[in-house]
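Input: structures, listed below.
Below are two complexes that have chain A in common, paired first with chain B and then with chain C.
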Partner chain A sequence: MQIKEEKQGDVMIVTIDDHLDTASAPGFETRLLGMIDEGERKVLIDCGPLEYVNSAGLKVFLLAAKKLETLGGQFILCALAPSVLMIFEMIGFTRIMKIAATREDAQRSFRAA
Partner chain B sequence: MPAALLFALVVTVSALRSYTQVSENGARSSRAIARHRVARLETVLRRAQEIPEMMAIQLESGALDTEEKLTAYMRAVLERNRGQVYGSCIAFTPSGFRSDLNAYGPYYYWSKEGLQFEQLAKPDYNYFQWDWYRRPRDAGRPVWSAPYFDEGGGQTLMITYSVPIWRDGLFWAIITVDIELAEMLNDVGAMSDDERETVGSSAYAFIIDKDGKYLAFPQESPEHVQEHSLQEKNTELASAMLSGKEGVMRTVDPRDGKQAWVAYAPILINPMSEDSDNAPLAEMSLAIVSAESPALDAAQGLFIAQVAIGLAGLALLFLAIIVVARSISRPIRELADAARQIADGNLELNIATGSRTDEVQLLENGFNKMTKDLRMQMQELRYTTTLRERMEGELTAARNIQMSLLPKIFPAFPDHPEIDVHAMVRPAREVGGDFYDFFLLDNERLCVALGDVAGKGVPAALFMAVSKSLIKATALAGHAADEIVARVNDELCEEADAGMFVTLLFAILNTVTGELEYCNAGHLSPFLLGPGETIKPLGGARAPALALATGLAFPTVRYRLAPGDAVFFFTDGVTEALSPERDFYTPERLEDVLRVVRMEPVGKITRAVMNDVRTFCAEREQADDISVMALRWLGAPHDSPPESSQSRETQPAHELKI
Partner chain C sequence: MHEGSITIRIAADVKEIERLNRLVRQFGELHDVPSRTLYAVNLALDELVTNVVLYGFEDPAGREVLINIATAGSELTASVADDGKEFNPLTVKTPDLNAGLAERDIGGLGIHLVRSLMDHVNYQREDAKNVLTVRKRIR
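On to the complex of A and B.
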């Protein structure tokens, strides 16, 4: 799985690959939780390329969200494809996570917080 | 081996070169000796020439005018040159000495008895006819005779020098000097020790006359010598020697017929004459024969020594090579042995050959590093194997937990023919958290649940166990459906710390009325299987998954089932099963299968779906648990007829808003 990281101000933007499944989730989890451990408090996941995510992948988002919540940080997902957003809604993630339409919206949310 | 051949070649060539050089040196030496001998002989002969010249001067001066004076003078000359001059004679022309004497030839010679006199002018000896008189007279100049064996008084090998003298322009007399050659030649022919050292121990000299007859030959008496000629033995050498030139040749030794080096030089006796045009005659020729083997003794010795040294060197070289090869091959053999042992599994082996060769040490270090690395890798492998076994054990444990918790006895409710339930889970190798459950809350309420815990392995299995227990406990506590799910959620939120969440389908069926109250917590919608062609997803009642957050509401919906209607619950393990080509199974394919088997007994429905998924996945390993559950309501039981009339109002099943 290819993960791109770029820092814009105090926001760490992580762009993920098209598949987040049982195979790729552990690597992503290590990376994502690792950067939080290193001190990142504002994490934006750009799900633009993401086409498929299963429960293993969703678990990573949940973990990161909960962790940042307890640390007083922010976790925002943006640019979800309709199919992905549907899953998020089905599972109920849309209720417990911040989901933005675009990166810009997400950045605004970070600043507003 | 090529090095050895090269070495042998070098030794041989060098030895041969030395051999050739030495043998050439030998030839040169014998040539020098020959020249030296000839020069000595020539000196002696030249000195002998002076005697008659002096006598001629005396005679021409007129001082020897009387017989007494003449003979006295001759005697004196012979006395003075005793040992060198054997005899001398003065032979006058007719009436040359005295007018009354027709011939006068006084001749003095040495014999054993002393100086003898003989008058050559005698009736039986007409000296005017003899060569020694005629040749110088006719030639008008002194002449050397050929060497000859004097059978008269001398009994020895002689040579005579005859000098013609003139008075008043007219030929007057011949003065001769006989020179004994034998002794001189033998002297010349003898080899000194020094010379033998140079040209070989068996070297010898011989002298031939101009006809090729031997004049001097070692260990041969003078008489015998004259009877043989060189031509008999070696014509090649004879013609070379008689050519009047000097030279060296390799030819047959006239003495024993073996190959030898022969150096030869002419003995040129120059008569004293102003006529230099006359080529000196080669009256004799001297040869130094150095038999090949002695001449080359030194050379051969050198050759042999060099070859021996070469061979010894070669042997030493081989010895050294063998020693070096051993010292290299021994540790290598040890290493090879060690390699075999290592291959046999002895990784504890530590190699120490003690070799000082760099390469061997490198090899040795490499070997030891290799065994060490192998040892470590083996340990690591053992460790990971243990770990893996432990993990497999964990997985098995997790699977066992999961499977042991699930009700697997069918038919599940033999006492309730109005309901039929069947469920199956096919766990993945690394078990997920799928679960299902069904139990009666009371005589007419059946509770069914099908859930999927996110994640894998033991944590998921345990979370699933907790979830299932909580659901059952909460449900049996007699709460309403929405309440039950909400409570379970709150409980789970306290348990969940590793990002766990559970999607759940929870339903309570009234077995009398066919009313189905149902809640979908983040799960895929179940299908309603009715007699119609359409396979309808049971929509609505959308709620978030469990364990995401506390305090969430979990709304329910109610459906009224018609007798014979069935609901089909499944986890995403079904629809997201992957084919070898990485295609998803998809809900559409599921619908197709369900459409075919919708009226079959529930057990057949679940199995049909499972089989189709298995067919679809083929060889591909199952990534997630696959769970299916089918529940059919067959209508109100006969022994307890439906108390409510509303059960028939809603056919087929439809949503009831609460």
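On to the complex of A and C.
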């Protein structure tokens, strides 16, 4: 799985691939939790390319959100496709995670917090 | 939607799930299964088969999982059969969706998705096999 990382100010923006499943989730988990261990506290996941996510991928989002909350950081996801948003709603993630429509909205949320 | 059915036999290996997804998509397109239904069935099968492949066998080498999909009337039925350890995934506790982030359980996401995506989910132990059957109505 291709993961693109770019730092804008103090926000780490991670753009993920179209498929986040059982095969690709472990690599993504290592990278995402690793960057939090390295000190990142504001993490934005750009889900723009994401078309398909299963529970293995959802678990990685949950782990990262929990970890950042414990550390006083912020975790925001943006640009979810309708099919992905439906899954997030189904699993109750829209209640416990911050979801922004666009990168710009997410950046505003980071600044406002 | 056209009537038809397909049986897919895959090795008990996570790498096989992508192939399964491709075959399910092809079946769906050939039988005019609406794309929303196909997405839901694909995800449900992914969750069920992943569970079997990861936890169903002491040693998954050489073992297989059998998947059947059938369309009839306005309903799609899919089943996953394996001869691994006896396990009814419907006994897995549903995660508390009202829990706050810190209290949210990591487990149970997959089977909760299956229950939410499908209209009917049933488990049976027959002939030393686990058979999980799901049904989805086409609206």
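What we mean here is this: the second predicted complex is superposed on the first by the 113 of 113 C-alpha atoms of A that agree within 3 Å, B and C clash if a C-alpha of one lies under 4 Å from a C-alpha of the other, contacts with A are read in each partner's own complex, and residues count from 1 in each chain.
The rule is simple: contacts are C-beta pairs under 8 Å (C-beta built on N, C-alpha and C of every residue); 3 or more make two chains touch, one makes a residue touch a chain.
Since the model is a prediction, treat every value here as computed from it, not as a measurement.
Undergrad: With both structures lined up on chain A, is it a clash or a fit for chain B and chain C?
TA: On the shared chain A, the partners clash.
Undergrad: When the two structures are overlaid on chain A, which partner does A:T22 contact: first (chain B), second (chain C), both, or neither?
TA: Once the two structures are laid over each other on A, A:T22 reaches both partners.
Undergrad: For A:Q8, select first, second, both or neither according to whether it touches chain B, chain C, the two together, or no partner.
TA: The answer is neither, since A:Q8 touches no partner chain.
Undergrad: If we overlay the two complexes on their shared chain A, which of chain B and chain C does A:R95 touch? Say first, second, both or neither.
TA: Both: A:R95 reaches chain B and chain C.
Undergrad: Mind working out whether A:L63 is in touch with chain B, chain C, both or neither, as first, second, both or neither?
TA: both
Undergrad: Taking the superposition as given, does A:S83 touch the first partner, chain B, the second, chain C, both, or neither?
TA: After superposition on chain A, A:S83 lies in contact with chain C alone.
Undergrad: Of the stretches 112-120, 364-372 or 616-624, which one in chain B hits chain C?
TA: Residues of chain B that run into chain C: 616-624.
Undergrad: Using the superposition described at the top, list the residues of chain A that contact chain B and also contact chain C.
TA: 21-23, 54-56, 58-59, 62-63, 66, 90-92, 95-96
Undergrad: Across the complex, what residues on chain A touch chain B?
TA: Residues in contact with chain B: 21-23, 54-56, 58-60, 62-63, 66, 89-93, 95-96.
Undergrad: Per the contact definition, I'd like the list of chain C residues that touch chain A in the complex.
TA: Result: residues 14-15, 17-18, 39, 43, 46-47, 50, 54, 95, 97-102, 104, 106, 109-110, 112-113, 116-117 of chain C touch chain A.
Undergrad: Contact residues on chain B for chain A in the complex?
TA: Those in contact with chain A are residues 452, 454-456, 498-501, 503, 521-524, 542-545, 548-549, 552, 572, 576, 623-624.
Undergrad: For a test of understanding, state which residues of chain A touch chain C in their complex under the given definition.
TA: 21-23, 52, 54-56, 58-59, 62-63, 65-66, 69-70, 83, 87, 90-92, 95-97
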